[in-house]
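Each chain gets a letter, A, B and C, in the order it is written, and its residues are counted from 1.
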Amino acid sequence: MNPEALLACLTTPACIVTQVSAGMIIGMLIFLVASGVTLIFGVLKVVNFTHGSFYMLGVYFALTAYGLTGSYAVSLLAGAIGVGLFGVVFERFFMSKVYNADVLMQLLVCYAFILILDDVVKTVWGGDFLKMGMPEEFALPPIKVWDGFVPPFYAFLTVFAVLIAVLVAALLGLTRFGKIVRAAAVNRQMVSVLGINTSLVYALIFGLGSVLAGLAGALAAPVRSAVPGMGFDILIESFIVTVIGGMGSMGGAFIAAIGIGLIRSFGTIGFPLATEGVMFAIMAIVLLIKPTGLFGRRAA
Amino acid sequence: MTARLAITGLMKRFGGVVATDNVTLDFAPGSLTAIIGPNGAGKTTFFNLITGKLKPDGGEIRLDGVDISGQTQSEIVRRGIGRAFQVASIFPRFTVEDALTAAVLTHRQQTSSMLRRFPLPDAASRAREIMALVGLERVGKTPSRYLSHGDQKLLDIALALALEPKVLLLDEPTAGMGPEERWQMIERVQRLWSEVGMTLVFIEHDMDIVFKIAQTIRVLRYGKVLAEGTPDEIRSNEAVIEAYLGTSLEEPA
Amino acid sequence: MTARLEVLAGVVLGALVVALTLAFGDKALLDVLMRLAIFGLLALSLNILVGYTGLVSFGHAMFFGLGAYSFGLLMQSGAVSIPSAALITLVVACIWGGVVGTFCIRLDDIYFSFLTLAFQMLLYSIIIGWVSLTGGDQGLMGGIPRPPFLGINLAEPRQLFVLIVVVFVVCVLAIRQIVQSPFGFALRMIRDNAERARFLGLPVQRYKLIAFVLSGFFGSVSGILMSLYVSGAYPNFAFWSMSGDAIFMIILGGLTVFLGPLVGAAVFLLLNDNITRLTEHHGIVMGVVLLAIVLGMRKGFLDVLDEWWQARASRAEARAGGDRQ
């Protein structure tokens, strides 16, 4: 516990800028994973507990692609597309088999895959920490903001994540595909009666949700070290964010994710041991006052 | 005579839809009433309001003179309004006998005991009484999920009976049954009513059944009370003939 | 079976196992049986929620970890005896269960699972973070003292074995009594159809909370036994994979048959030990086994038997009923 340090930081512009930018990338990564979870849940009504592992896969795919090509753009694509395809396969051959089963079965399928994926990653990439390092594209001088400096990659990550969020929102809100998805979320049978292949819609949504996790992983690769089992923490955080923000609310998840990111980042200065506790306390308070989350409508 | 259940000016809106529009209805103690009306008339909503599943936007619901609107479902249940559902709502993995015993225990508030063994003998014997009353003894040991559709509806009613309700609301007790099964079911309901002597209100689409057994009929349409009276009065009611019987041709048999 | 017969059977079986093991068994057998008792109790306690109340907790290991750490820390403080440390630990576990449960039962289905998981990870991160108290990722170091009490010396493996078996039998009988009581059937009603139960006037939320605390109580008993057995406490006791394993055990054995989770624990330990011996790819093998069970059978071994039995019985009744008509 170090309130003086926190106070000192909060009165120093340079420190504020540093911590806010660090908090933003934490928040954006959580948000991408959380929005994948929310998207899948909103339409398919299942919670993909493997989403953290998908994020981990994204990190490793990006690492390998970067090692092979040296291009970060390719890494991003590898993370997004690789995990997206994996998500579709996972949905078609495994998850779709338990849509009508109870929560326990869905949870167990996910648990099995968490075990398998952690082990596979360990087998393929080894159990040690791996680092990508900062890609050359971003080996630029830091950007001066106010009195402080923001690493260019941080700025890129934040802007890129927001862009993705806007893109996904546009896809769901403005296109015909989005219309079908929203209809299928409310009444699958009706949509399939209209001659639309809802299995395909489900697979695509699951794929899209996975793409978001894979992207998050690829975005994290330059700033996080990769290790088997790394997906779990972000899974928990993304759930916390969903609960705080309100189930099914992308906007809520976005705001909550930024909040959690800032708490994490400023917490490392002021209350390093209590950051988890603060996160949970916030979630507990939200649950007490508004069980459906800050921006959630009534639970279905 | 004072009414057992007195509804005054009941309102419920869902967005633009007024599902219950200023409904005022009385139900005399021991009466047998049918509620009819086309699909979407607001019949189920009416039951949901009485039983506290939905909160009314306005109006009063008095049970023996006490306003119960706004109370929770379990309070209302305890005050004596029981209900069976349009789609049978049962405990799939309980045998019929266990389900009824558990319902009796719940009603008697004896479920908190961890030191005794289920089933407590007197609850079990009460459960068997109820089974006999509705004619479910045949399948007492069968897990509810293996029951026929008709028996599941019967079990749903039996569960409501376990609460010894003063008022029993049945939402389409014969829904989804073949013609023969329907008559069996409705005869059971009628016998039940005459034996137990409670106030019974049922929603029904089959006009033959309604006109044969109901003492009074209430017709709902677009959330409003269109008409009420004895079967004969309803039969000769212009508004009903015009508005309701026209649409009833579209009802599935 | 009546309650009295069950107690009798439990005591006789327990005594038999103890006697035979002590007479003919070696150290390895003692170990196997103690682990089975501990993990069997963990799975059985979780099944109060999963199998009987229909609440899939994915955070049950929090009680396992809490029991082990709280008990271990109390013993290391040297201020209390083993029974009082156990008692204090159980009180702590009940309070934790009450507080955490109050939040968790506000949400249904998968959100309940997640919330329990989240609270467990909170405990885990406290254990990892509070190094000065818990030893962080090294666990409670230096062993847990086991001073004799009432003439019992738990530092002696055979006496420890007897104690663990006795506590196990007592807890199993207690859980059995709970799930066969009117309260236990109220939980089943909630599992089958909470909405209908509410409509019969059952205070569903309160019952869920009580079930949560009870499940946590017995879970922390198994945590206490674990810390006695390994003479320590480690963060992985409170890690999510421990919760996952406990669910795994339940599904392996079956959740509708009372002793299913115990059978599952036995199978799980057997699998686990042999896989660890045979291959490095522990996670892959366990994952594939789990997938095969979930997607192949969709339930545990004993569940399959139970269902078959029930279907047979009700067919027989239908036939008899048909004759009468």
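Assume a contact is a pair of C-beta atoms (placed from the backbone, for glycine too) under 8 Å apart; a residue touches a chain by one contact, two chains touch by 3 or more.
Remember, predicted model here, so these are calculated numbers, not experimental data.
**Student:** Taking each chain's centre as the mean of its CA atoms, which one is most distant from chain C?
**Tutor:** Comparing chain centres, B lies farthest from chain C.
**Student:** Quick one: most central chain, C-alpha centroids?
**Tutor:** The most central chain, going by mean C-alpha position, is C.
**Student:** For chain A versus chain B, what separation do you get between their C-alpha means, in angstrom?
**Tutor:** Taking the average C-alpha coordinate of chain A and of chain B, the gap between them is 48 Å.
**Student:** List the centre-to-centre spacing of chain B and chain C in whole Å, with centres computed as mean CA coordinates.
**Tutor:** 42
**Student:** Measuring centre to centre with CA averages, how many angstrom lie between chain A and chain C?
**Tutor:** For chain A versus chain C, the centre distance works out to 33 Å.
**Student:** Once bound in the complex, which stretches of chain A touch chain C?
**Tutor:** 41, 46-47, 94, 97-98, 101-109, 111-116, 118-120, 122-123, 232-233, 236, 239-240, 243, 247, 273, 276-277, 280, 283-284, 287-288, 291, 299
**Student:** In the complex, go through chain C and note every residue touching chain B.
**Tutor:** Residues in contact with chain B: 2-3, 177-178, 180-186, 188-189, 191-193, 195-203, 207, 256, 310-311, 313-314, 317-318, 321, 324-325.
**Student:** So in the complex, which bits of chain B are touching chain C?
**Tutor:** 51, 73-74, 77-78, 83, 89-94, 98, 101-103, 105-107, 109-120, 138-143, 146, 159, 162-163
**Student:** Going by the contact rule at the top, pick out the chain C residues touching chain A in the complex.
**Tutor:** 50, 56, 58, 103, 106-111, 113-115, 117-119, 121-122, 125-126, 129-130, 240-241, 244, 247-248, 251, 255, 280-284, 286-288, 290-291, 294-295, 298
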